[in-house]
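Take a look at the structure set out below.
Labels run A, B and C following the written order; every chain starts at residue 1.
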Amino acid sequence: MSNAEARLEMLTRINRAVSGVEAPALPAYPQGQRLEHEAMLHQFQDRIEDYRASFVRVPAAEVMEAVEAALAGAKRVLVPAGLHPDFLPSGLELLRDDPPLSHAGLDGAEAVVTGCAVAISETGTIILDHAPDQGRRALTLIPDLHICIIRAEQIVQSVLEGVQLVEASVQAGQPLTWISGGSATSDIELVRVEGVHGPRRLCVVVVDQIPVH
Amino acid sequence: MQIDLFITCINDAMFPRTGQATVRLLERLGQTVRFNANQTCCGQMHLNTGYRDDALKLIRKFVDDYRDSEVVVMPSGSCAAMVRELYPEAAKWGGDQDLLREVEELAPRVFELSEFLVNKLGIDDVGAYYPHRVTYHPTCHAMRVLRVGDAPLKLLRNVRGMTLLELEGSEECCGFGGTFSVKNPDVSAAMLADKTRHILDTGAEVCTAGDNSCLLHIGGGLHRLRSGAGTVHLAEILASTEGEVFA
Amino acid sequence: MSGLHPAKPFPEAARDKVNQPQLRANLRKVTHTIREKRLRAVGELPHWEELRVLGEATKDASLANLSDRLLQLEASVKARGGQVHWARDAAEAREIVVRIAQAHQVDELIKVKSITSDEIELNAALQERGIHAIETDLAELIVQLSHDTPSHILVPAIHRNRAEIQALFNRELPGEGSLSDSPAELAGAARRYLRHKFLTTKMAVSGVNFAVAETGTVCVVESEGNGRMCLTLPEVLVSIMGVEKVLEKWEDLAVFMELLPRSSTAERMNPYTSFWSGVTPGDGPQEFHLILLDNGRTEVLADATGRQTLRCIRCSACLNVCPVYERTGGHAYGSVYPGPIGAILTPQLLGMADKNANTLPGASSLCGACFDACPVRINIPQVLIYLRGEVTAEKGVTAEALAMKTVGYAMSSGWRFEGALKLARVGQGPLVKGGEITSLPGLLGGWTQSRDLKAVPPQSFREWWKEREQGSE
């Protein structure tokens, strides 16, 4: 068995199969009704809460309090290197991923606090592109509580806009994680159970205005 | 309008009353009806069972019989769907470009009865009288292929003396599917059992639809159950008046 | 059932299933629940139909240039540090996975739910070489622990109720034994069992929902987080994709991220989707293999009518709306691809000569609900009818073919048809009781199992018309 041989044969079969087939022209991407910024934020909140994740919206000065409330007493908190230090309340045992923590090390964290790349209101989706304020993928996967801080201007309405906004990250080779609520399963009699393997709780903190650091 | 009636083979053989009702109804509405006696079958059974060449012969025959028609009307959603949706495909599968051109040209002039009345003639009250409790089963091909929408219901709602009862799970197939009912009798019967149960739950005396093939199936199930409820084609209800009861 | 190959003809397999009341009740509940939920999720988007058209065109465009797309994908995955393998059939694909596992000397690996891996019967092949594949999706875990096979694309253990799962987990999961039947508690047990595996297992295998040629990006859509665990924590990741999963550009993904979740789980968006391109230094597996699988797909691609089957994004909407699936469940289809999509995909992948698979195009009343629900507008009823033609062509002359010819001859002109009707009236004589036929012989006996048949009436429509014409002259 040779990979080159299989490759050649498959490509030959494909070329024979579609010889003379024209690719259709793509129609324009259909757009729904546009929402005003405030309506969009309300939509985002509605979607997030529909996933039974928690949602708060605060002015920049109150982010720290919001994070503290969302932590609900959790002390061992993972923090990506690029996260704004003003967001974090005092008295925490901060776990920095530098040098990278082992899986077991990550497993010891009770919570993780991150930013995000973009969020989509229509679907209540948060997109992480794992930039320095979000950290590598494992950070937002292993702890049981994920607190995600989103600047209001990072929220867009449609899936298409979200996809377009992270294209540069993808082109740069970054992985993405799309998160819409906490982990869930409906595998047993279609009963929805929130919290399986990913973080069982997701708290979204939307910040209206952010100070320039 | 000069209407060519394609009665369909199953109506011709098994349900002549439906054909008579269709003629009576269209004439009462001031239309002229012709019947081309050379007509037979649209070829649906052959095509759907996998006999493409046999079907193509019947398709060519249909085209020969109706090439010059102004409109062709048939009291059957599935036969109209066959002509409009599957004739072009069958022509492509048979590699017959001339036939493809001809069926594409003919297809827009082919109508199922209720869509013809409501969408083409713009009539939704045909002046019918039918003093019974009736429930309506929207047949799959009329609903999902022809997209007749609520045309049959518009017509039924205007029938005087009639109580129209809503059918639970109305949009679910009755399980006929042509030779499906013979080749997969167990699944077909399971589908039919749910359909007949829902019909009996309405308390209707009659289940109506725009297709006698489905009604043959549903009626066969209701008869086996000795339920007392029966089936009547939509055309027969619409043709009925106080003076003349068709069904 | 193993992989694609049905062990029985569909009508026979269906009979066994239709007559199980508990299974029927489970399936009915599940399919009706998802159906209604899907209608709500889809109804929220007024431009849904346009999205379907765009999804269809996007897939068709990619398939029309499939070899270019695959070469582009190969180049971009390699450029980002991944390795790309080509597999003509299931055996080649299995062998590639086995070799990678052996190279890393693993005796255990974790898996994200992947129907493609079930199609190639990967787990059994690994087991033969002493490598245990652990399914990490809850439903797949249930199926695996009970030595069962999946019965639904999306919810593979849908044929099992909570009591069965409770007994299974109490028996099979280490350290358990007193679990209640609460779904939350059962899911919690799976979490405990798998957590250690996720953190310590060296190699993972996944499927692929979409791949982007231009950027070398591969994507897995999921709900539980087991996917993220498998795609992120192990050192070595192998992803197996059917060649039809590739798209051209990054932006092409957008429409599918709208179409898939709403059609599949009937959610606005699924909880988690992971995208990665080759290897990301310092993040996730540092060795990545992508296997491009043919296994009959290029045959499907070569067929002008059948080709549209390859648009399928495995959402399972067609299963949930199908009145046949609702009554038989997935096992009756005997393949990892059940329901309407399976009825067209399985026989095409195996070829029309497969005696059991070639009964699958008959497993439909052609009601058309599947086409309406399909997010990429695969005209399943049309393909079913087309494939029935391929099957009869393959079979040649049969009793049924001769009967069809005879009917065709009778239908070849109006007067022949009239003659045939007269004969039928005479012929049915002994069968008719009170205007109905209650028992038919031979091929038609299936009808009278549960229905009567109205007898042919004394006068046909054409005879009535002739009489009327003569009367009016």
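Simple rule for what comes next: a residue touches a chain if its C-beta (ideal position, glycine included) is under 8 Å from a C-beta of that chain, and two chains touch if they have at least 3 such contacts.
All values derive from a computational prediction rather than experimental measurement.
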item: Fewest touching-chain hops separating chain B from chain C; value: 1
item: Chain whose Cα centroid lies at the greatest distance from that of chain A; value: B
item: Chain with minimal offset from the mean of all protein Cα atoms; value: C
item: Centroid spacing, where centroids are CA-atom means, of chain B and chain C in whole angstrom; value: 32
item: Centre-to-centre distance between chain B and chain A (centres being mean Cα positions), rounded to whole Å; value: 52
item: Centre distance in Å when chain A and chain C are each reduced to the mean of their C-alpha atoms; value: 30
item: Residue numbers on chain A that touch chain C, as the complex places them; value: 1, 3, 6-7, 9-11, 13-18, 21-27, 29-33, 47, 50-51, 100, 103-104, 107, 120, 122-125, 130, 136-138, 141-142, 159-160, 162-164, 167, 170-171, 173-191, 193, 195-199
item: Interface residues, chain B side, partner chain C - complex; value: 7, 9, 11-16, 19-20, 23, 35-41, 43, 45-52, 54, 57-58, 61, 85-86, 89, 92-93, 140-141, 144-145, 171-173, 175-193, 216-217, 219-221, 223-224
item: Sites on chain C touched by chain B in the complex; value: 10-11, 14-15, 18-19, 24, 304-305, 323-324, 327-328, 361-369, 371-372, 382, 385-386, 388-393, 400-401, 404-405, 407-408, 410-414, 416-417, 421, 424, 436, 438, 443-444, 446-447, 449-454, 456-457, 459-466
item: Residue ranges of chain C touching chain A (in the complex, touch as defined); value: 29-30, 33-34, 45-47, 50-51, 53-54, 57-58, 60-67, 70-71, 80, 85-88, 92, 95, 136-139, 142, 155-158, 161-162, 165, 183-184, 186-187, 190-191, 194-195, 198-200, 212, 215, 217, 223-226, 228-229, 231-233, 243, 250-251, 253-255, 257-258, 261, 265, 267-278, 280, 282-284, 292, 294, 298-299, 301-302, 307
